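Two complexes come next, and they have one chain in common, chain A, joined by chain B in the first and chain C in the second.
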Partner chain A sequence: MGLILLTQGIISLLVILSLAPMFAGLVNKQKAIFTGRIGAPVVQPYYELKRLLRKETINATSASFISSISPVINVVTVAIAAAMLPIGFARPLISFEGDIILFAYVLGLARFFQILAAMDIGSSFEGMGAAREATFAVFAEPIFFFTLGSVAFISGLTSMYDIYHSVRLDNVSYIVFIIVCSISVFILAVTECSRMPVDDPNTHLELTMIHEVMILDNSGIDLFLYQYSSYIKLFIYAILETSFFYPFGVQNYTLAIVIFAVVTLILSASLATVETITSRFKMKNIPEYLLFATAIGVLNLLIYTFTK
Partner chain B sequence: MNDTIVLLYYAFLIQSIPIIAIAVVQDNRKASAVTHLVLLAGLILGFSSTVSSLVSSNSTLLSFTLWGIPNQVFRFDSLGLYFLGIIQLVAIPTTIYSYSYLNHYISNGKSIRSTLVFYVLLLVSTQVLVLANDAILFLICWEVMSMSAYLGMIFEKEKREVRSGSFYYFIMNHIVAFLLFIFFLLLHHQTNSWHFSDFHLTSDSGAIFIILYFLSLVAFGTKAGFIPFHFWLPRAHPIAPTVFSAFLSGIIIKTGIYGLLRTFQFLHPTPEWLGWLVLVISMISAILGVWYALAQHDIKKLLAYHSVENIGIIGIGIGIGFIGSAYHSIPIQVLGFGGALLHTLNHAIFKSLLFIGSGVIYQNLGTRNIEQMGGLVHRGKYFVMLFLIGSVAISGIPPLNGFISEFIIYNGFFTTAKILNNYYPILMLISVVGLAFVGGLAVACFTKINSIMFLGTERKEVKQFQVSFYEYLSLGILSSLCVIIGFYPQPFIGIVTKVLNHGFVPENASSALLNINWMFISLIFIAVVLGILVVYIWKRFMQEKYGRRTSPAWGCGYERLNSRMQYTASSFADELNEISKTVLVYHKNIKKPKQIFPTQGSFESHAQDLIDSKILLPGFRKLSSLISRIEFLSYTDIRYYIAFILVIITIYSVIAFLWV
Partner chain C sequence: MENVLSILFCLSLFYLSVTSRVKAYVTVLQMQGLLLTVLLVLPFVKHFSLYALILPTTLFIIKVVFIPRYINKIIRDLDIKRVIEPTIQQFTFLLLVIFSMTIIFIASNILSKSTDIETIPFASGFSAVVVGILVIIFRKKLILHVAGFLVLENGIFLFGIAVASELPVMIEIGMLLDVFVVVFLMGIALNRISSTLSGFEVTALGRLKD
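Showing the complex of A and B:
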């Protein structure tokens, strides 16, 4: 039994790690179709990663050991976070009472070193991105706890796997609650993964970008690690969203996989739609946008508790 | 048990020997070496016997014989021993650092004899304080501790800021001592005893219970530095010699926490609203403390505000414990108080690490302003690594010790919600979000100071950056403690559980702390480290294969980037400061360069603390104008004052006689 659980956990981790670039490619492809282009193939991110892997690494002269370890820390912590996510009905590799807190904090480790690595170059380009990342993270963290945390508090469980399995769609107010929660998670995903309308993943040339500008002075395998971990991160947040649909796929292999695939596809389509039809916000409006997500999370929770 | 206790006495005796040595040895350098060596020996002996009695003891030892004499003045219970252990653990590296720190001053021809005496007094009195069973002894130690810290603080008394900063500390101590006198007199009045072991009141005792709690909260809370009583921390810490500021922030403010926990032992069960009061005050302290810290550019002032934040986190644990006590729920109490106790240890470790680090920087650069630093990583790589460990730990990020204690407190929230149900889930959810918010701000703050101080290029030329062996040793001890508690928390959890079992909850009733899957968490942390190692080696291998070189940073074609064009600390924190303009009293003065050929432009930003500048300072000013009305009584001749004292004493004695 233990061995089966372990295998399931490892398989789902491998699935996340291997399919993550595909998800980003999927979003890009749909975006291209929306704007009337043919677009790069869905597997394009894999080619890009492969290309980066074979490039020479160039470090800035002012860079220190921080720049060198930060991409490594990034990819490892993101992989550890991925190992806590349940796919389908499989119990994740890392699952214990309180892993929801570890999940949030382990991503904090990645962020800490990414900000440091950006500041390591000593250029104000990266500095600007780093300052913004630090600022928006302060507002993004509460959203995570107001959404997943509130589901945890309602169910009284503190393990991600159990929390998602406690979602039961048999009560109208609970369904509404979960839907609003998923909207908040979507906003969180947009922020954390530097997508529109918070950040533009396609450019770093404007002085307005966050994630892309932080990794501006990286190349070769460092850039590979950063890119790969940002793909994984995007997929992680996508799974946070798709996992709300658990109750439909409990204890049935094929159904679970089909639901997972379909919901992921829908999610990528909605990401692509949002990115096509909206323009990026002014930087100073982003905290308001995040507070808006927090506010609907709070309201939602209050409404749910009083209608229960 | 009795033997190890006697060993503790010897340890205290050994630690007091240096006072004689300082008087006898003529040469400054030798006196300092002897003092530190003997102190260290005493501390190590003390620490080992503390640990062995903490591990072996199964019950509280109240009376024992010392050299044949029965003794009731001291109390060797787990709580006291736990705090004693923290003090000694932190005092060892601080003393090692102190040797190298004072050597700098000796080389400059400054007399350090009095400072050494105050340091010894401070160490011994703080250790005796947490063992005192007698209220009078407690108060004596309290005063000796506070005053020797004050006297050590005014080391550079020729500087104006030192005199004004230490004066706030001095005043604070008098207020706290005054309140503590009333507190213990009232307790004595109620229980007819001076012994801590006899103090016990329940909430049935009416108004006196509430009054006692308020006295204790204000007195010990001021010492600990809860908002709004935090005013002395950002003033006293920057001006104190680093050894004293490290001890002040690592240990002395923890005696406030010790006092609060003792008060709980005297007065329980607590009413629920009291728990909420402590929780709300602590939450405000944590959030505002870290937010104010973010706006500071003086490294020591910034760390002082971080102490406010961490005291807030400890207070959150205590508040949860109080709520648990109101409902007689053991798991809630265990997680709340347990988190608070472990965070007390953790904060003592990483805060002294950071203060000692800031002292090393100050000694080399001669400034505490982080805007003038930068690029230090190219001068002292290992020093930066050690400082970074402290920074990651204090931000509560895994895999270091700060995460472990915050994790317990988070578990406390979840358990409270689960057990008490009703409207508690929402309240606890808000607390969780508050703590997460604090964590986010702490990350912003510590990435700010680390990147501005150490990374990039030098903003001001650094003439030399040397870290001595002793400095490395003390930083190394403290940072390895951060790592050990992070990766292998079980023994520390075991000790905390023991402390809780002896004096907080019924004997052997607590399992909530041990129920957390610590083994699994350790495994994950080890996996993180192994993963980083493996990927790093693979990365180096790939770099070997495809090449690696360095080149100047990309400046969009602009080639004359200089160190003044780097991002600064004020610009890093600007966006967050703008958001909190009102709470922070943040304003900027911008003079934009004008005309076609601009000549000059300037920018400055100021951040103040709202509570301090808008509430406390005007209050103090009003008070001083009120008091100045009796200025006509002030004379230049000291004999008048002696006469006043005599008159007051006579009046008191007459009243006392009439009363009886």
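Showing the complex of A and C:
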């Protein structure tokens, strides 16, 4: 039995790791269609990763060992976070009471090392990006704890797997709750993965960038690891969103796969729509945007504390 | 279902406190009017009576159709700038809203133990009243004071729904008439002010002399 659980966990981790670039490609493709272009194929991120693998890695002369270990730490921590996600009905590889907090801080560790590496290079641009990333991370963390925390609070469980399995979609107010939750998870995904209203993933004007500017001086394998970890991160948040909608009460695999595909498509479509129709916020407006998502989380918590 | 609509109502309040467009205020007012109409119609789905439909219909016509159109007309006619001018930062404003909402929810939960009220609609209504007042305090534009007043009024309406499932219809209609007259008078006043002074801000009114 233990062996089966282990294999299931490993398979779901592999699924996340392999499908992650595809999701980013899906978003880009839909974005292209929205703006009237044909766009790169959905598998384009894989080609880009392959191209980066072949390139030579060059580090700045002022860079210390932090710059060389940071990409590895990034990818490993993000993979650990991915291993905690319940995909399908299988128990994730890492699952214990309170893993929801570890999940948040493992991602926090990845961000910490990325910020350190950005400052380590010694360029003022990277330093600026690092400062911005740190500032917005402060506002992004409460969103996670107030949304997933409110679900945890309602169910009284603290393990990601148990929390998601306690979601029951037969209750009308629960559905609304989940929809309201998914708004704030969406905003969280947009922030953490540096997508459009917060940060523009395509811009290469240093003054306006947040995430992209931090990896400006990286190349080759290092850049590959950073890019790959950001793809995984985006997919992690997508899974956080889709898992809300699984029919955990009925263990129906076909239904689960259909729901997964549909919700992923809807999510990528809404990411693409938001990126097409909105422009990037002014830096000073981003904290408001993030606090708005926190407010939704607080509202969730309030409402479900008092209707119980 | 009432709870669900109240949640949406609270979400609209949050949106109101982060948006920086005058137009968005009008949209939110329209949406809140729609929510209130649905809330009023809901109890009558099961036992239908024509008499009971008077209030929702009036509410719909006044809050969803008439007042937003009128405010839009004022905005267009007086050529009001589309960005709101808050006196404090939006971030602080939102923090204030979250804080007061939390207190209100806790307080109404305590209240609901001793009296017969529904916590969520009651608290949402109460929060709308507070947010309305906050909008009036912390916005410079006069047209937004009207909007704040209308939000406050929406809150009182929701309040009424939470406290007693049916308020006397005449009182509610009287309230609606009041609101309508106030908005109308405000519009006329704004027109007058615009012909005398060039700005539509409260700060300009502070300098008025004989």
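Rule of thumb we're sticking to: the second predicted complex is superposed on the first by the 302 of 308 C-alpha atoms of A that agree within 3 Å, B and C clash if a C-alpha of one lies under 4 Å from a C-alpha of the other, contacts with A are read in each partner's own complex, and residues count from 1 in each chain.
As a convention for this text, a residue touches a chain if its C-beta (ideal position, glycine included) is under 8 Å from a C-beta of that chain, and two chains touch if they have at least 3 such contacts.
From a predicted model like this one, the values you see are computed outputs, not experimental measurements.
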Ask   = Thinking of the overlay built on chain A, is A:Val75 touched by chain B (first), by chain C (second), by both, or by neither?
value = first
Message = Quick one: is A:Leu265 in contact with chain B, with chain C, with both, or with neither? Answer first, second, both or neither.
response = neither
Inquiry  = By the touch definition at the top of the document, which applies to A:Val274: first (chain B), second (chain C), both, or neither?
reply    = neither
Message = Is A:Leu302 touching anything from chain B or chain C once the two structures are fitted on A? First, second, both or neither.
response = both
Ask   = After lining up the shared chain so the two structures overlap, which partner does A:Ala63 touch, if you call chain B first and chain C second: first, second, both or neither?
value = first
Query = What is the contact status of A:Ile11 with respect to chain B (first) and chain C (second): first, second, both, or neither?
reply = neither
Message = With both complexes superposed on chain A, which partner does A:Pro287 reach: first (chain B), second (chain C), both or neither?
response = both
Inquiry  = According to the stated criteria, A:Val180 is in contact with first (chain B), second (chain C), both, or neither; which is it?
reply    = second
Note = Per residue count on chain A, the busier partner among chain B and chain C is B
Note = chain A contact set shared between chain B and chain C covers 287, 302, 305
Query = What does chain A use to touch chain B in their complex?
reply = 53-66, 69, 71-73, 75-77, 79-80, 94, 96-98, 101-102, 104-106, 108-109, 111-112, 115-116, 119-128, 130-132, 134-135, 137-142, 144-146, 149-150, 152-154, 156, 158, 216-217, 220-222, 225, 283-284, 287, 301-302, 305
Request  = Mind listing the chain A positions that touch chain C in their complex?
outcome  = 172-173, 176, 180, 285, 287-289, 291-292, 294-296, 298-299, 302-303, 305-307
Query = Any idea which chain B residues touch chain A in the complex?
reply = 374-375, 377-378, 381, 384-385, 392, 395-399, 403, 407, 410-411, 414, 417-418, 423, 425-426, 428-429, 432-433, 436-437, 439-441, 443-444, 446-448, 450-452, 454-457, 515-517, 520-521, 524, 527-528, 531-532, 535-536, 539, 542-543, 546-556, 561, 563, 565-567, 571-576, 578-579
Chain A contact footprint on chain C (complex, rising order) = 1, 3-4, 7, 10-11, 14-15, 18, 90-91, 94-95, 97-98, 101-102, 105, 108-109, 112, 119-120, 123
